[in-house]
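Down below are the structures I want you to see.
You will see two complexes here that share chain A, one where it goes with chain B and one where it goes with chain C.
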Partner chain A sequence: MASREIVRYRSPLRSVLQGLSILFLIFFFVWTVLPLFIMVVSSFKDLLDAFQLPEPGDWGDLGVMFDFKPTGTHYVELFTEKHFGTYLRNSLIASLGSAAVSVSLGSMAAYALSRAEFRGKRDLLFWIISTRMAPVVAVMVPLYVIFRSSGLVGTLPGLILAYTTFNLPFAIWILKGFFDNVPYAIEEAAQCDGCTRWQAFRLIIPLVAPGLGAFIVLCVLFGWNDFLFATIIGSGGAKTLPVATAELVQPVKIQWGMIMAAGVVTTVPMMFLGLLIRRYLVAGLTMGAVRE
Partner chain B sequence: MATVTISDVWKYYGKTMAVKELNLEIQNNEFMCILGPSGCGKSSTLRMLAGLEFISSGDIYFDDVRVNDLPPRDRDIAMVFENYALYPHKTVYENMANPLKLRRTPKDEIERRVRRAAEILEIDPLLGRKPVELSGGQKQRTAIGRAIVREPKVFLFDEPIAHLDAKLRSHMRGELKHLQRDLETTTVYVTHDQLEGMSMADRIAVMHEGVLQQLGTPEEIYNRPSNEFVAGFVGEPPMNFLDCTLEQTNVGLTVVHAGFRLSLSEEQASLLSGSGAEANMRIGIRPDNLAIEPGADGTLDVPGEIFVTEPLGGDMIVEVTIGGDRVMVKTKIGPMGGPGDPCRIGFDVDKLHVFDINTGVAYF
Partner chain C sequence: MANIANIDVAGGVVRGVRTIDYVPEEFNHRPPRYYLLWLMLPAILLLAAISLYPLVWLVYMTLHEVQLAPGKSDVWAGIDNFSRLATDKKFIRGWLTLFKYSALCLSVEIGLGVLVAVILNNNRFEKILVTIFLMPMMMAPVVAGFLYMFLYNGTFGWYFWLLQSIGLLEGGSILGNRFWAMFAIVATDVWQWTPLIALITLAGLKRVPQDQLEAHMVDGAGPFRNFFSVALPNLYPFLLIAILLRFMDNFRFIDTILIMTGGGPANATKILPTYLFDVSFKFFELGRGAAIAFTLLLLTILLGLVLTKVFEDPTRKIRTEREH
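The block that comes next holds the complex of A and B.
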């Protein structure tokens, strides 16, 4: 393999740029991590402690932010009074369900589009992705009408279907790239070995596993973080975490502690998912792009 | 073990013709080589035999069974691909075991057969490795191993050793030939390398632009090429071609070129006169059938001028200009002089080939 060393020479300009980039990184770190930090810390404070903030500019008084007795009441309340257990379950079912449907249908469609040649293939591919070009809001009203007349509003299958309509085109496009990179000769060899077409397809699935893994994450994230579909299509029977969290903001009383706790409950599973398939995610998102 | 019959087979890709009216019978246990340049239709033919491509028209039979409509898995063939096509996520052992597993062979039988094939191919220490950890030669052995673990009716080889380096290629030629004799299985071997065809095959089918040019043993193909294409394709260095005219003189039929005159034998003359050959024609002579001596006053007939010499160790190839045309001469290495030096050339007239200047068909 060729050397990948990036050659750098010292120069005054470079030193200045280096200093600036370190400054930027510090700022960026605070910018991204501080909100998360405040969210986690505040979720363990009661309402009074949560508003103990230092005066602006008074750096010596930073300690008051940490001067509190940790309490788990917000979490307990969320899961006992506010039924967050159910919403967590709904969120998981809707996002994982949609990911499963999108990936299984998407991989088959992508495989077909990758292997078969037919007239209008390019147009078909473009049409598939063009369904993602309209903003969700634009299609929401007609979609709602269709879903309502089919009795899908307020149900988990309805929500899964709604997410799948948006994930599937994306799945087909990403996965097609992965299948394109698997030499067809491998399937031909498999057929000569005694595989049917279907068995040959299944045989090469491990070769696109990084793509499938990366795509499952993207699908899950889309469903997990979605608010618009969840409020409109999922409202009622299929309430998910983001919607439930928003409902904690009531006209008379904004329950900051519980909102923060809900934020943590919503964030943690996705962080674990990210850590779990971080390796795949990077390999997956870049692998389709570069032909070896 | 099977006889393979290709009967009136055509292959089109859209409007492009890849194979034209091919008729070929491959005997039981025969090693048949389909030889030709890229795009000659040889791979298409092999892929139609494998069932990886549809036959546009015509029939293919394995023994007496018409296989046109059978998918690859039902044809009982084993194919080795040019780029090996191993399963990258499986080990060498799993790669080789796959065909057996698909046929529900008992586990201990799989183990026994894979180990046996690995031993034959000398890859038994590699069974636990993945294809990325293998060299080109090892990958190719694994691919062959995957083919020989079971006993298929027909082996199909699609340029299996084209990507190996020269030394390994010459080694594998011998091994493959030995293996085929050992396994006694009908084999179709596709290659563009005439050396592979000549050295391994029982019979060679030379194809060009989708058309079968000649079918014969390596000896027949080399010594009695049916046309100019076959003559030029087979043999290294390639045959020399020179445009000449025919003259009837008092010593018989004579080939006349700007640089020389050659009298044909009576037998050769009779072959020409009966066939309606025209005055203009093309002669072909292999570099091995030309003799050369350095200097202007040797005993050989034809004067020439050295263009360049290419020593090859034991032999050398001398390019010589004769009457405005250039020919290659193969000779034992020795002092020959440099570019521009005079030399003399001798033709072995018995080994001369004569082709129709328009159609390229060989008279002899």
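The block that comes next holds the complex of A and C.
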């Protein structure tokens, strides 16, 4: 490993670059955080306060943003009048259910795919990954017709199945990468000690457990954030949080306070989960192509 | 597993010896195929049921006029659904808009993302800043859409105010303007997904061989020269992955666009998947929708072929290069 200590001489160019890069970082930080900040702040404002804006070009009056009395009415209304408790439960069941199905079936298949050598394996893998990459709208056209004729539209099982269309191939593909890294010698040793093949498989599960956990979380995240499947296949009986949020838009007036509150309710749990699996995030979002 | 057996030895029989089924060739081989097949089967069957079976349906639907009303049966349409696409102006415009949208998103995201990554790399605050920057990625696209719709609002939106204050905007509305609407949805995508590009690039930067950088510096190269002739060539595979993935996601997810503009104003932001959504789930012309979906799937498969090629290369190639 080469040394990371590179002697850097202070040159005018370097100082200018350094200054510019700090400025850019500040800009990017504000650009990233400001919308989130406004969302949270607006969810605690009542209607009048939310509409307060300074005159165009009046930079001195920016303090208006903070000039309000915090109120929790939007949150209370969401959970009492708009039944967000039910939608929260629907979201949880649909995303957890799909994650459970995907990771349990997916880990078995991934293990088998990682250990087996057979003709057409590459084609099988390609089919799996292309299932995952298919545009959601395109998949939904035939799925909608099938689900309609089998009475799955508007039910939670239907939604779980719909989410599984993208979570299962994801789980198989990613977990295969994990099992590839577990040496077969461990299973051999276990079998020498008298384990059956199934027991040997169970034995190496703890070795991939952290990854397995992270990808359960990612599957939950994908399901939780989905809107298209939920609005077409889940509409009616299995409304999830994103759909319920979209329905707060009414023709007469858009209830922005409540929408922002709903946004906070939908986003905050996922942000915590995201931080929890920070290490696996890039691998997960790039289908395992890039590891940190 | 251990068994109890009686073994013949010279001079008699030894009873009750513990033995194991020792089949030598099995130890040095992978598990038998039938066993792996059984492990694979549930997932493969389920996946086939929810992806291959619908695909068959999709092909069937492209060849029929699908009737949703109960009791009516589908009418054979031949290739009508496809041939009508050739003269469908909205379909062709949908493709063009999709490419325009993706090109705008990708160029801004790659530019900003690489810049952020280069500045963050080995920065004192790298860890904390990366953690903060990845927050938008966790947000549901619908929520992001609403949030930006709120910020762009003509009467109380802060971004609208900002654009007005710096003199870019006279008045009117952002999402209702044919010119601005496209940039508005691009900005939302950029806000949400630039961090991903930055993270991928950052992962790539960590793998740039330090000795090459040093050698280059000893030879008198400045920071710019160093970036363009050492770091960037090492980054290409990572950027390629980033571009392919983001391009795919651009037409996989249309949640934000559906929320913010619904494809309007005057179809200025109607990228193909949005048009497909309208045809299938607003007008319920499922046969035509299926034909459009089919063209989209073809592009996906094409991109998928490229992607799997890339997948096999970059990280592994770099790793093996370093090992040797």
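Convention: the second predicted complex is superposed on the first by the 260 of 292 C-alpha atoms of A that agree within 3 Å, B and C clash if a C-alpha of one lies under 4 Å from a C-alpha of the other, contacts with A are read in each partner's own complex, and residues count from 1 in each chain.
In this text, contacts are C-beta pairs under 8 Å (C-beta built on N, C-alpha and C of every residue); 3 or more make two chains touch, one makes a residue touch a chain.
Only a predicted model underlies this, so the values are computations on that prediction, with no experimental measurement involved.
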{"item": "Touched partner set for A:Phe126, first chain B, second chain C, both or neither", "value": "second"}
{"item": "Which of chain B and chain C A:Glu188 touches, first, second, both or neither", "value": "both"}
{"item": "Which superposed partner A:Val103 touches (first chain B, second chain C, both, neither)", "value": "neither"}
{"item": "Touching partner for A:Leu152 - first (chain B), second (chain C), both, neither", "value": "neither"}
{"item": "Between chain B and chain C, more extensive residue contact with chain A", "value": "C"}
{"item": "Which superposed partner A:Leu203 touches (first chain B, second chain C, both, neither)", "value": "first"}
{"item": "Chain A positions touched by chain B in one structure and by chain C in the second", "value": "188, 191-192, 194, 196-197"}
{"item": "Chain C residues within the chain A interface of the complex", "value": "1-2, 20, 27, 30-31, 33, 35-37, 39-40, 42-44, 46-47, 50-51, 53-55, 57-58, 61, 66, 68, 112, 115-116, 119-120, 122-123, 129, 131-143, 146-148, 150-151, 155-156, 158, 161, 164-165, 191, 195-196, 199-200, 202-204, 206, 209-211, 213-214, 217, 222-223, 238, 241-242, 245, 248, 251-255, 258-259, 273, 276-277, 280-281, 286, 289-290, 292-294, 296-297, 300-301, 303-305, 307-308, 310-311, 314-315"}
{"item": "Chain C-facing residues of chain A, complex", "value": "1-4, 6, 13-14, 17, 21, 24-25, 28-29, 31-36, 38-39, 42, 50-54, 56-59, 65, 101, 105-106, 108-109, 111-113, 115-118, 124-126, 128-131, 133-146, 148, 161-162, 164-165, 168-169, 172, 184, 187-188, 191-192, 194, 196-197, 201, 221, 224-228, 232, 241-242, 245-246, 256, 259-260, 262-263, 266-267, 270-271, 273-275, 278, 281-282, 285-292"}
{"item": "Chain B contact footprint on chain A (complex, rising order)", "value": "183, 185-186, 188-197, 199, 203, 206-207"}
{"item": "Touching residues on chain B, where the partner in the complex is chain A", "value": "50-52, 71-73, 77-79, 81, 83, 85-89, 98-99, 102-103, 143, 146, 156"}
